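Worksheet: the structure to be examined is printed underneath.
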Amino acid sequence: MEVTAQPQMPKVWRAETKPHKFCPGCGHGIVLKALGKAIDELNIQHNTIFGCDIGCSLLTWDFFNLDTIQTHHGRTIPVLVGIKRVRPELVVVSYMGDGGAYAIGAQHLVSSANRNELVTVIVVNNTQYAMTGGQMAPTTLPGQKTETSPYGRDIKLTGKPMLGPELVASIAPEGAYVARGTVSNVMQLKNFIKKGLENQIKGNGFSFIEALSACPTNWRTNAAETWSFIENEMSEYFPIGELRTPDEKKVGEKRKVTSNGAKH
Amino acid sequence: MDIKPIQDEKRAFMTGNEVIVWGALAAGADIMYGYPITPQNEIMHYWTRLVPKYKKDFLQTEDEISAGFTTVGGVLAGKRAFTATAGPGNVLMQEALSMAEMMRLPTVVIVTQRGGPSTGTVIYSQQEVNLTCFGGNGEGLRIVYSTSSHQELFNYTIKAFNTAWKYRFPTFVLSDGYQSKMREPVTIYDPEEKGITIEPTESLLGLPGTPGVERDPAHLRNTYNLEDELYNVVKSSVKEYNSIISKIVEYDTYAVEDAKVLIIAHGVVSRAAKAAISSLREKGIKAGYFRPITLRPFPDEALRSLVDNVDHIVVAESAYGQLENIVKNNLYGFNIPIIGYLRPGMGITPEEITDFVKAELSL
Amino acid sequence: MATVFKAITTEDGKGIFHLFPALCKGCGLCIEKCPVDTIGWAKQLGVFGTPVVESGHGKPCIACKKCELVCPDSAIWIEKKEE
Amino acid sequence: MGQNIKIVLAGEGGQGVQSIAEIISEAAYNSGFQSLYIPNFGVEQRGGVSVAFVQISDQSVDAPKFIIADIVIALSRRAIERVKPYIGEKTLLVYDSSVDDEVEKIYGKLGENRQLSIPALEMAQKEVHPRVFNIIILGVVVGVAELLEKKDVEQALERRLGHKFAQDSSLKNLNYRALELGYQLGQGK
Amino acid sequence: MDIKPIQDEKRAFMTGNEVIVWGALAAGADIMYGYPITPQNEIMHYWTRLVPKYKKDFLQTEDEISAGFTTVGGVLAGKRAFTATAGPGNVLMQEALSMAEMMRLPTVVIVTQRGGPSTGTVIYSQQEVNLTCFGGNGEGLRIVYSTSSHQELFNYTIKAFNTAWKYRFPTFVLSDGYQSKMREPVTIYDPEEKGITIEPTESLLGLPGTPGVERDPAHLRNTYNLEDELYNVVKSSVKEYNSIISKIVEYDTYAVEDAKVLIIAHGVVSRAAKAAISSLREKGIKAGYFRPITLRPFPDEALRSLVDNVDHIVVAESAYGQLENIVKNNLYGFNIPIIGYLRPGMGITPEEITDFVKAELSL
Amino acid sequence: MEVTAQPQMPKVWRAETKPHKFCPGCGHGIVLKALGKAIDELNIQHNTIFGCDIGCSLLTWDFFNLDTIQTHHGRTIPVLVGIKRVRPELVVVSYMGDGGAYAIGAQHLVSSANRNELVTVIVVNNTQYAMTGGQMAPTTLPGQKTETSPYGRDIKLTGKPMLGPELVASIAPEGAYVARGTVSNVMQLKNFIKKGLENQIKGNGFSFIEALSACPTNWRTNAAETWSFIENEMSEYFPIGELRTPDEKKVGEKRKVTSNGAKH
Amino acid sequence: MGQNIKIVLAGEGGQGVQSIAEIISEAAYNSGFQSLYIPNFGVEQRGGVSVAFVQISDQSVDAPKFIIADIVIALSRRAIERVKPYIGEKTLLVYDSSVDDEVEKIYGKLGENRQLSIPALEMAQKEVHPRVFNIIILGVVVGVAELLEKKDVEQALERRLGHKFAQDSSLKNLNYRALELGYQLGQGK
Amino acid sequence: MATVFKAITTEDGKGIFHLFPALCKGCGLCIEKCPVDTIGWAKQLGVFGTPVVESGHGKPCIACKKCELVCPDSAIWIEKKEE
């Protein structure tokens, strides 16, 4: 057969399962492209384990040519921590939504960051619980209408949008990598993810990347509105950039306690 | 395993929690994931002390949800991973175990029952039978061994790993706070010297070869889009479960040949039940005793085959009818009166059973 | 290669615009991102029965590949014309 | 007493009740008995009375806990009250003479074969050292129970405290003396 | 209640989730605490839309653990609080519900069953029977209503609040994804106009008067130090539970008078079962139908009283034997053959039941 | 009866249940004294609800002349949030251990802080799971020996001690109050707690106080060692002071989104 | 057909299948029938075929879903395959003429009473407006099912779209024309 | 007042040292905190059968109340002597 023009999917994408299961214009596809490119560039297809959460991320269960485990809602981090602890030669990627990471799975996020677990966590922030039909998430913007904030998110009653990377940066120890990218800047996002993977491979520490993403279905936006919401509304609230790189020192790092005045 | 933790047969006098650790070591366990809860704590304490010596691993997680899911991770990665919990921790762990049940992951969980419901007491009970056998949003396709002595704790901890990896259903050793905390004699041994082959583990993820290039990727999921997809998965698990029941069920009997009164108990209570037999027989009551060792699957055929001449069944348990219901279920079709000596969260002595039987049967 | 996608190829400016209808879901994200507005709706329907896109609707393509990059479905391949 | 004995020990946290129970049960195990020891435990342990249950038998031990004990040893004022449920028709209650009044208050007169007041606290303070109070009690129990040979108990004591004895030989002496004192107090009662 | 949400009787065509919201409003519910999960989401959606109008409250929590415990908080504070969940959310909620069971808190939970185990499907099942009736580390002292139509969803949502506050056991409306998502006619009404008195709530905390000065403080706990303390608490709850069973049990029968074949089903499947009766009767098979409305407590006396002349029992359920086991349990002593039409996670039609009965009984 | 000298317990302490159930020298008693004094000074005994966690804090279930709810391990915050949401006139105090707050209950801590719930949370940091017999907690110091870190906490494997107030401060919105006190400075601790209660009463927002505390039983320390461990080892790692007061502004506070480019 | 009818509608996400089902079932309810409508739903919904189940009866409706339908309406290429399980011996398959070839491929010839190809897409584009494609289909279903009076359907339509009609009266016209066109196509088939 | 505790009262320096044996658990925290080291172990046993404390072991009490403040069991009350 003559080789004709073919889509330039990242090599690690599994062509057999494309078109993927996401809605038209879904940001997940763009984040997964950035992740795919990063994996291609690092040449780690043979030893990467991909874990996806419940949420629209579950639709990636057969997305990659990677050994993949689709876990429970909010539980992708512990599953991958469990794997990494016994198979340190593997590169583990936890791919989750903002609801999974910042609400139901927040204890795992906080604890794995604090323990500096060698996992790379990618959180797709679409300001909603998308899979379940668009409820308010910790990341929903002030005033934003969702199915459970039908009159707009009232920050007096429900608080302000959760700043995930800022939270992680506040506790992650030396060696951690923390960044926030956006589907509006795919190459930058890819670079953040790549650094987050390298950070794990080098054994430095916890790696965390939030990606501002799009959910046109639940936002009920057309393409122009979608881009505008991400680039104007979201990016203003959620600042883009690197929050922690492994070379920085961190406050609160104190000397090792040699005598703990306890035990004998 | 670099160093064999147990070289020769060794008699020892130790707590049940210590016995469990030696059992896990003997079975070649690689890693324990766990969260503190009484009365299982000392399993972690002993294990962490031995970790460097035997080149094992340990991870203390942030809660039992995480302990369950990290255990799932360890198992997926092909390691002999286990965890231990009790009471409210067992409740929380059901989430991960329902995933293990769906995905047929050979998880091993030690349950040291304590008083319930809720935080209850940290002491003892047999109130986690329902939870362990049928917990989660599924059909309870699990294997549950209920132990009654330190020797069994050792034997069945080893067996749990083998059963789990052979049949791929979540496997539990159901113990309790008494067994955890008490000291009694036990003989520990290297299972291979006793001719017990340790089932090999298998990686479900992170296999050799580049996925999609040299081999198909492992795409594991527990979520289905259509009712029929799920139905087929559950149906095939049920089928497989039913087909292995006869290989798995275990039970113990005593003085059942001519028994008119059958006392049924499991776990540590069965010791009291067995002891009560002699004193009842001394008083002329033809009592016998049946103990399911596997609560799930339940040895129904064994039980059904020996009740034909029984006039009364007494179920004794430190719970309010959890075993009694299982017994009734499995004896459906008979109409021998069943009475329960039901003591949620309380220990049971031989004397109490004896007195109860005498009083209830007006003998 | 097991899976093969058929392309609709149009040339415009510096770029050869390959569009794979079996992948294009007609979301329009690419249209908005094209700096020269050359992308527009085509007659052909894509995988979800919605129109796919094509180049040639605005100023000539400058082969910046922005469209290719943002397409969530990898439905576009911009081949740079040999110069 | 026969070859099957149930013992309850109760005291304050610092009185070493659990250690005594551990040593006795291990000694019994060493001498070829079946033996079972279990402490009580609960959430309010810190301030509560510490209770230990020991069973020694030449047959297998049936249940970890029991209700009526053959011997109850209660070492503190609060323990006297706490052990009430374990005292049956034939139980021997052993207690420190310092709480005679408490026993009197709660149980009245139990009868000669059923109660044994021992001046262990005083003896410890005067004749040996307050630190080995629990070893005196250990001796008492061994003497009363009449089941274990002293040498088996000494062996169990060595296993648990041998490393300390090695550091300070006077300690060994002290412990052995305390054991003997207790044994004398308990024997034949 | 400032404004009565429902003034007159109103016929409507709506989804089950919407019906539940109207039921809760009719019962005077004050607040819903919840976490999104399919298929219960629209309960939250409808509720949040109506919150300002009827001066109600809503809190979206961080997970189902929190939804359960905030509900407990609302109940402690004396408010008619409720939550709704399904599948893995129901698994997580058991922790809070075991506390409610221990402390006798009148929690109301709507369960919209979905496929299991694990994440399973988001669609439908009857696989949360074990979990809802007996979940947690306790004895299942709970009240579970299984509904089969929108009318019942409305009626039993109201009743659930009343039962909970009257008897102080955790109370559940067990529905499913089909009932949640389908539209069918329903008549909604103001319960008081129908002579249904709404049970008053009662604050367990935050009572008037300074504690320790004007009154004793409320010192509520779920943790006990001694086995006996716990035993007494559980025993007294059991006693009370047993004493109210006869007031709570509900069931439905059809054509049972002369039935030789009794079909037992609950929830939405009972509709298919009932429909199958006619076609079986048309074919000369004397079929009848029994439906437990309360799965816990189970209407055992009612069932036992009508099986005397029955030759065959068929249990039809969208689960693998969860109802069947309850039935066996409650029919212990009989020996009528019981066969299960067990379809975990699958809907069941009248035709399927008819065919199954004919095939199985070779009729 | 003649009125003789009586202990100067805070008025809100319940004398009938004293001596309390804590070990000799337990820091809980000191924290509870600070809390008791703060309640006395604010005169809120009549409308305060006290919630205690599982952990040694459960021993307070009958400690105060306050309506008290003893909850599950890590769940005190949601129970009190549930109460406060429907009874805003009550003052609710969540009293928990470091394990309950930073490990098993971390999702509740993070989420309630983010929602700016009107609760006052007091976390007793004793660097251990005390009730269960002294296992490693997120707060255990580097090198410190516990029952599950018998050779000393290895920070390479288990991370560094969790900085709770720092975590909360990183996400709590405007109006929050966050501080760390110590049983070594009872009056300061009382003031922090008092401010945390006032902050709730004023309706400003989430209030969080960590107290460095003592667990001589599990530390196996005598009185001198106990004080030394708190004042030297712990205080060095965990800085004492106020981290957030309600008047400060916070980064990341952005304008309300008026048009979200979504919904109609 | 009788007073008891089971309908399956299937199409792509944008084709408005669920709205049609809702309107029909509500119309039936308004005209005094028992009626039940349930959509399919699953996690992979976005990309999947949308399916609606409607039952209309003069007796109570037994089960929410069913297997064999009386009428199956399949509107897209993928829908043709997807509805296979619901087609029984007597089922009438209604589909848009644009997918005639797909029907042929999958089912071959079903026979005259069992299949109905309608040029709804073309008609919508040419005679009314692509937006009201689903209303044509609605008309077809009403025509085929012969159970509901057109006026009841119009009433249900008003209830759902009335607020839009109020804003733009031409819309009302468009919808009514589409309904009529569909009705003509379906009636008597 | 329902609950009444008996005090052992000793005077020392500026303070009257009231110690409630039914509350004192003998933890020694107060001893370490006394700036003048006047607190020491007493003969009397407390609630757990361990020695309670008393003043008069060091320099005179300055009535700073530190001991009272840190006592986890509120077993000390320092009454300032009228001057």
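Quick notes on this one:
Order as written gives the chain letters A, B, C, D, E, F, G and H; numbering starts at 1 within each chain.
What we mean here is this: contacts are C-beta pairs under 8 Å (C-beta built on N, C-alpha and C of every residue); 3 or more make two chains touch, one makes a residue touch a chain.
Predicted model, so just to flag it, every value in this text is computed and none were measured.
Common neighbours of subunit A and subunit E (chains touching each): B, F, G. Chains that count as touching both subunit C and subunit F, per the definition above, are A. Each chain gets a centre from the mean of its Cα atoms; for subunit C and subunit E, those two points are 54 Å apart. Taking the mean of the C-alpha atoms as each chain's centre, subunit B and subunit C sit 59 Å apart.
Subunit F and subunit H have CA centres that are 28 Å apart. Centre-to-centre, using mean CA coordinates, subunit C is 85 Å away from subunit H. Taken residue by residue, subunit D touches two or more other chains at 42-44, 47, whereas all remaining positions touch fewer. Of all residues in subunit C, those that touch two or more other chains are 48, 50. Those residues of subunit B in touch with two or more other chains are numbered 38, 62-63, 88, 95, 99, 118-119, 121, 123, 222-226, 347.
The list of touching chain pairs reads A-B, A-C, A-E, A-F, A-G, B-D, B-E, B-F, B-G, C-G, D-E, D-F, D-H, E-F, E-G, F-H. Chain contact summary for the complex, subunit E toward subunit G: residues 13, 38-39, 121-123, 177-179, 181-185, 268-269, 271-272, 274-275, 347-352. Residues of subunit F touching subunit B in their complex: 54, 58, 72-74, 99, 103-104, 106, 129, 131-133, 135-136, 138, 147-151, 158.
Per the touch definition, subunit G reaches subunit A in the complex via residues 43-44, 46-47.
Within the complex formed with subunit C, the residues of subunit G that make contact are 12-15, 47, 76-77. On the subunit B side of its complex with subunit F, the touching residues are 35-38, 41, 44-45, 48-49, 52, 58, 60, 62-64, 88, 118-119.
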